[in-house]
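Structure in structure tokens, see below.
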């Protein structure tokens, strides 16, 4: 009969009207400024640079200015200038560091490719999404001081990922120390016994980072 | 000179009639001619009401009834007249009276 | 001349019946005491001024809260919250802390401030005078209709013999203003909207009138107050004798609802301002307060038509049960009015828009014939008023059949060839 | 009396301007104002029912049909401003109209038309209805037939014949 | 063939016109045509799309789609970016279904480089693609009703369900719409068991939403009147114009790349392809609804059979990816139709030639044929039922 479909429709909207008062599956609205959204761990927004030490952020940047991210960045929003000198990195090896590291977040499309290609776990995705600025050029162009955030912050926003990275880095560091120790020992042995065979490569090389795979699957 | 209300009403209606007449005669646009005729009809209606109000009324409803019938006829006239205008426009692509000068479609 | 010219205004000043309760008479008592303070020759004017100011104030506020209610109700229908932010600003100099958000109820005032402070843009090519006149006239015409609605037992601004005719005469002018707005804007969307508005009003004026005529036929009067009085009976003091509780009345009410939706340009008949097709139709070139005026007029028109529906079919200010008469009649009227508005909002939240040819077809091929049949039905009802006992059952059955059978048959022919389909699958 | 003069002047002015307008839409809308003025006159004269009927029919219906016709028979906005008729024609019309006006005014003013200063004849809608369906049933039926025929005729005349209209 | 033969459109409006045909706007005899430019700013053109519509009254006698307002030079940019670098750009082609666009691109590159995809990744891809289909189709049916003139109610119901799926995407990939999930030789992240359980729960509940939605609207008389017999597209015309996806199947032509190509692990799944008979707007709408129901079935099978294992081909690498010289065409059944990527490699890190076959652009080509003889209100609905995304049309 004419009208039955319309009445059915009215019934459905009435059901939704009532449901919006008691059924959380129907009323999904979050009152944003008061209720903060619970961001999933995997959530990504713009990149930041990881520093080891919060007190000396510029001195302990993990970034070694290898410029891979700059090259791989699809919208090319990263700009890096290498330093002239070298500083010891986390493993104690002298490394270059970025004299200038800038990301234009007005261009960045949050694709995470810089994070995936970084061999030093130096760049990670941030979760701060309230990034409004009053100036579209300077306000959104972040320099290395603004980008640097301590490792503890990384732990805070991506705990699983950070834990994995730290474990791996610790293993690398230990391996490097052992290697150095072994090298020193070998040197000493070589000094002790002049005609000696070259030191065998006892230390395991640093575990190659699986390039294609992200550090860890985040937990939902 | 003092005018009685009835005279004033009649002057009003005759003036309105003449406005309609001049419009109907002077304008060559069919719609405006029709509207002029409508005005003349309305002027006549004013007379009915004026006489109903001030004249010696044999029946208290006659004037009003006349006007009601006149309005109904006027509505029909407007509908048919404007339909004719549209029909003429379809054939001639014009609503100027001068262009509708033949009886053939 | 003055006295005769205003005779229809001053002749029927409602007089409070002594039998009414204090609350029932309260608005009139207030007015009368106020008027007493002024010299006698100006009293009739004050009487009407107070009525006018009362209508403007009450229905102005009613409009304001209808907008926020509509948005909140639509929100809930759509599983949203609706506006809930606008509240009272926090003044630090106040000794007490006002609660910040009054459930968003101050939203209309914020909207009004916004509308007033917005730039008023008039297109360069527009017909400036008509562009300006349209919003002014549309509000004026839509307010005129309130004059004959009986808001309470003693509350009717103007009691006219031909009140219903007046209502439709005043209401018919609003579409003219929509045309003016659409045409004067010199915008193609507005022009299309103006054409649609004209087609719509020509098509729906008729079913609206025809759906009302059965009530006039049965009540035997064009006066709205008398129509309400005619519905003021109860069976066993419980079942009200409203016209909606008769077969012809129910059918007439449904027809009236559909036609009223079309007349007030509400979904599913909001073709003149069809958002998805014509941007905003005749409102495309309006901004700021002129836009707000159109908005206001639309709601005034809706409220007035709802009020008419309440008056004609839902017993007006009559209480639903005899023992509930202690509640003042104007509260009953407002309650029913709110119910009607909520229903309109509900419909808007559910239905989709008709196409212009379907709109006119629905009117001419369905509503008009049904309304005519319903007129005959009402005539049958009026003729068989003396039947009683088992004949009463026959009367009900015949009357119901007279309207249901044509409805089903014509509904079937209207939707011929249109049905949900079943589909085949390829694997 | 003052009210009547005011109503008359407004109505006449609206009608006169409407007839002299070049823009058809303006003409139509001004005529609506003029019709509303006539309704005001009926109201002043105490013929409520007629006044509302006038508004309902003219402002509500005839005006719509006129506007529809204007919109359907225009080709562009520019064409809404119609060409003025020839001066000769206008002059002739004004002379003819003036003559009629003079004759009518003379007739009205020279006739002693004493108005019965009685209150307006009281007529309720009910009485009007009784008259319509009592003494004037035949006329009502005739009007009904006329309206139906006019409606059908208008539809037939205005509907497009697709065979004829094909380009 | 004139549109009058196509449509059982029985309105007095259509009957009045002398059979719809394309007429010049400046026709001396039919001078009173109205040319309306709908868009690029118009609420119902689904983005910056423009239709130059010529109207006779409200009937469309001519319609010219104008696109390119959102042209972003996608293909040329991709030819100057590494293979991986184009992946996030493909998210932005059809921004409503980034997962399937990703997949189509990954498929083309995998063909080019000859990479294998582990089983688990294949299943995950199907899960993501079908979830995307749910997202896209629920979006479409919502927007379609908005075009039909509802006050947002069906759209918001659809968005409510879509949002739940987008939340899943966000918790897995980090972004709601720009997922950037597929990689050459697998997927980027492995969902946790909790994620899979949540997704499975959502999928099981999805038919309830569909039922409610259909109760509300599919039987609605106004909806039937507005969509049945409107915008009819016959199968022969559709095939000739290269229409794909639900639009083609609504015309009754059985063509689904999932069945035809059997890419991914689709042949392992048991699902049916709904076919329309009339090719009108109603059929196009129903195709989406029925496909959502089939997608739910596919998803349930996928969650049941999802194997354990790696999600990436161990041989694949992110940096220094240089496929050997050659060319490849990878195509998928995206929710909107056949989405293909054609790649030519010269052995360098960037593709030599990169070309997208966007389904919606090609589906849009017959817009005028579908709209002629209908009213301006229908044109909006027909456009809505084609399901365009301007990011993909204009690229």
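The letters A, B, C, D and E name the chains in turn, as written, and every chain counts its residues from 1.
Going forward, a contact is a pair of C-beta atoms (placed from the backbone, for glycine too) under 8 Å apart; a residue touches a chain by one contact, two chains touch by 3 or more.
These figures come from a predicted structure and were not determined experimentally.
J.: How many hops, at fewest, get you from subunit B to subunit C via touching chains?
T.: Contact-graph shortest path, subunit B to subunit C, evaluates to 2.
J.: What are the two chains with the most C-beta pairs touching?
T.: B-D
J.: As a test of understanding: of all chains, whose mean C-alpha position lies farthest from that of subunit C?
T.: Between subunit C and every other chain, the largest centroid distance is to A.
J.: If you take the mean of the Cα atoms for each chain, which one ends up farthest from subunit E?
T.: B
J.: Per-chain Cα mean versus the mean over all protein Cα atoms: which chain has them closest together?
T.: Located nearest the centre of all protein C-alpha atoms is chain C.
J.: How many Å are there between the centre of subunit A and the centre of subunit B, using C-alpha atoms for each centre?
T.: So the centre of subunit A lies 85 Å away from the centre of subunit B.
J.: Using Cα averages as centroids, what's the distance between subunit A and subunit C in whole Å?
T.: Roughly 61 Å separates the two chain centres.
J.: Averaging over Cα atoms per chain, report the distance between subunit A and subunit E in Å.
T.: Chain centres of subunit A and subunit E, defined by C-alpha means, are spaced 33 Å apart.
J.: What residues in subunit E touch two or more of the other chains?
T.: 29, 31, 153, 157, 160, 216-217, 219-224, in rising order.
J.: Considering subunit D alone, which of its residues make contact with at least two other chains?
T.: Touching at least two other chains: 1, 4, 46, 49, 53, 61, 65, 68, 75, 120, 160, 165.
J.: Residues touching two or more other chains, restricted to subunit C: which are they?
T.: 1, 77-80, 191, 195, 349-351, 415
J.: Taking the complex as given, what residues does subunit A use to touch subunit C?
T.: Contacts found on subunit A: 1-3, 6, 9-10, 12-14, 16-17, 19-21, 26-29, 31.
J.: Using the touch definition from the top, list the residues of subunit C that touch subunit E in their complex.
T.: Answer in residue numbers: 74, 77-80, 188-189, 191-192, 195-196, 267-268, 270-271, 274-279, 348-358, 360-361, 415, 417-421, 423-427.
J.: Under the stated contact criterion, what part of subunit D meets subunit C in this complex?
T.: Touch residues, subunit D against subunit C: 1-4, 25-26, 29, 32, 43-44, 46, 48-49, 52-53, 55-56, 59-61, 63-65, 67-68, 71, 77, 119-120, 124-126.
J.: Which stretch or stretches of subunit D touch subunit B in the complex?
T.: 1, 4-5, 8, 11-12, 15-16, 18-19, 24, 27-28, 31, 34-35, 38, 41-42, 45-47, 49-50, 53-54, 57-58, 61-62, 65-66, 68-70, 72-73, 75, 82, 85, 89-90, 92-94, 96-98, 100-101, 104-105, 108-109, 113-117, 120-123, 127-128, 131-132, 136, 139, 143, 146-147, 150-151, 153-155, 157-158, 160, 164-165
J.: How about subunit C: which of its residues touch subunit A in the complex?
T.: Within the complex, subunit C contacts subunit A at residues 73, 76-81, 346-347, 349-351, 407-408, 411-412, 414-415.
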